[in-house]
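Going by the order they are written in, the chains are A, B, C and D; count residues from 1 in each one.
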């Protein structure tokens, strides 16, 4: 029940357009399933980043665990500069992989979570990706060579709206506003929809109650209930926090 | 009047027995005189060492500044692991170099300050060094090939007592108890004596009032009055703090 | 090598490392090796807690505005307590409230449960409007609260105090007079975080409580003074991050310590500290943490304590 | 690009970055570029200060027990003030004392000197036995002190407050009622350090005051609440370490900021911050720091402020 924590060596760090790929050598440790996440901290402890950072694996197996990072602040900067990283996880609930066709929707760094999903989904996959600029879209190649990619001011909900209704499950990850829009579209067409959400997290294993999100009409811990949730559980209320 | 602060590259780091030599490439910047000190901090800021560390130069010229370190805690550990170091100084008052013969007395890492003094003193030099164990004594070679070296349980005041009285100036650096003993011996024989002292320092340039030492019978700032002081200024009171 | 087993307010503990209230959900993550499990603060009525964002990182610490999210007394006793009773370690249940009567109801109900070893009265949460902390800033209120709750249970009552008062030792003394068996020091320090992009308050609750290594000096100060003034046994909490910290807290006056924020970074820390303690105690020439407790008070006769006591 | 020039309590400043009292000796090191120089606290009689060790490093901060070492009013006015008058920047002289009358004597004497732009009343030093901080923990005493001192000078009086009280905004309000022209927030937070080897109190004074980035959230909280309650102009101090911090402090309610502990690490920091500010302000879409002052109070109408005000 206590989450597993281990120190892994950094195998390689690569720029992927505006994002950075961080690949850790796995020691055969458990990796969980697509959509689960890990709490990462550079080791030795970096200056200026007291808490670990929540990151979903881009893909993972016994040999390596990969993360696609948007390096914004001290924590992620320390991670991509580290020789080894302390890793807690896998944590939370990942995607339930439905049989039949899948529509993947990724917005910005939310796309980080999709390569593993593409690899593991049993049925045919259609991938829709939206990015701010071309340099962010470079990572599309890691996900699906046939992906439909749109750039702002076009939103990824446009190609999605054209595909719906569909006999498919929608798997989405991206900024909150995008997820709400995707969930609303899917609800309208009664298409099953799973959302991978984000919240500020201190622990990742249910200890701090920091990651509250309105789920089933109440503030609940995203790290315990999610980060992947059926859209219906979060769409209802629409929190005003 | 404001102290000079610059970032210097680490030229080399070498083990010298139990101590570590840290040599910085100087950019031709001011280095001051033997006995002056610098406030050093690894750059980027290390985790676990918020304040810079006070260190006296072992030697310094336009090309390099060298420090001999007793790596005890996080600050010195970060310094010997850094690629570059932020350096504030030279600070404080160094040794006034008297003409005529000199007796140098160093205890433990206090010996760090002596190589530069040996190089710059105009007259003949006799060097007495005391260390805990042989591995600490290795640094004697950096100071004076002809130094008299004693190890505990022998104290360096023993060879000093045999030399006194003498027509010489005594320059001493080491733990407080040793300095007090040296000062007492010199006072007894009316031999001029300069002590390089230590105190916990936050700033090194008179801002914090943290480095209080009883000087002239009052708590005064060691970084402003010293760190090198005439023994008479500190012997008198004997503070009870 | 000595033993880590100890006794705190009549409760036998396998070792001196607990968790801070609200920093571990043992039902979600297990006990992580703590010698006694301290629950998140329970209030009479369920509380949703504050809106997000609830946490902010700060230099060597964090500010939280969780807002005492909890299922309320009823559901806690019916659903959580039976499962907590199966954890296999003594339970310390933390209670909070908005009036003496609310605390009293909770203490009676919780104290009656056979699995509960002790109760902690949280009079120090900075994340709720009135209640809790307004009691804990007033010595007279604190004394009255302890007296009222003492009447409701045989179990030892611990008072958890806030350092964000002018003189925490006065509040501690009042708690002692009211019948507290021990103290828990400290709760978080009042703080706030500003969003670096919008320059708006970052936390949904506006303000919050600061925890982590940043507050360690504040905790040591509170423990030292409350120990000096009350002599009560103390759970030391506030920035503890390693075995060395345990010794420093013990020397200041803590009999046992609790890990809080440090667990968020490393849930294995309890086990690491417990493994490291015996060797560290040996290096300090003692065999148990008890040998160190209060050592900072016995300096040069009593001179230092007196110097310092004047400062508050 | 906008201008950094501003006006604080009637004093014209070239930019909004000052030093904290007791964290810079301009006679030893120059002004380091501050727009106004704040002196170390002066007391009626000379004070030797506390015995060493006086400083201890802590996680992202330090604890000091300097103990208001200063030459006393007489020597300060005779020897220091004339030299400080030559620095070329407005002077803010900090005064402390053990009674209203002591403060009043100092204020009269110091306020009469033409080079003095404003006076800061330190009612918040944790490193002296009584006096100072015991006044500053009591709103009524604080009000009376300000009233008494207002009678002695035409110069603006600033009240420097301690965050180590249950409700700093109540003390701030009392200072405002007594005639304070502005506030200086915060002084150090009460803390303590234990020697890791001997496990004895590390500081000669026993306890001390915590400063540095560790206390930044505490400063933001105090500034936000005192601003909300008093509306007085504020010098924000407590862990400021970069230009971004200045914006966050301004948004919480500080009109200007002071660098303290951060100067110990980097005496060039004032100049660095002043150089960085214009660009940072531009990135936030404003041209002066004044444009940001109090922004955190104007969130979603007034909702957030009200939520938070309830917390104190």
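The rule is simple: a contact is a pair of C-beta atoms (placed from the backbone, for glycine too) under 8 Å apart; a residue touches a chain by one contact, two chains touch by 3 or more.
What you are looking at is a predicted structure, and each value in this text was computed from that prediction instead of being measured.
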Any chain in contact with subunit A as well as subunit C: none
Remotest chain, subunit C as reference, centres from CA atoms: B
Length of the line joining the C-alpha centres of subunit B and subunit D, rounded to whole Å: 35
Subunit A-subunit D separation of Cα centroids, rounded to whole Å: 45
Geometric centre distance via CA averages, subunit D-subunit C, whole Å: 31
Averaged-CA centre spacing for the pair subunit B and subunit A, given as whole angstrom: 55
Of all residues in subunit B, the ones touching two or more other chains: 48
For subunit C, residues that touch 2 or more chains besides their own: 56, 58-61, 212-213
Chain-level touch network, classified as line, ring, star, complete or other: ring
Each pair of chains that touches, named by its two labels: A-B, A-C, B-D, C-D
Complex interface listing, subunit D residues touching subunit C: 56, 58-61, 63, 126-130, 137, 163-167, 189-194, 196, 199-201, 205-208, 210, 212-218, 220-221, 224-225, 239, 244, 247-248, 251-252, 284, 292, 295-296, 299, 304-305, 307-312
List of subunit A residues in touch with subunit B within their complex: 44-48
Subunit C residues within the subunit A interface of the complex: 22-25, 28-30, 32, 40, 48-49, 51-62, 64, 66, 69, 204, 212-213, 261, 263-268
Subunit C-touching residues of subunit A, taken from the complex the two chains share: 1-3, 5, 41, 48-52, 86, 88, 199-203, 205-213, 218-219, 224, 239-241
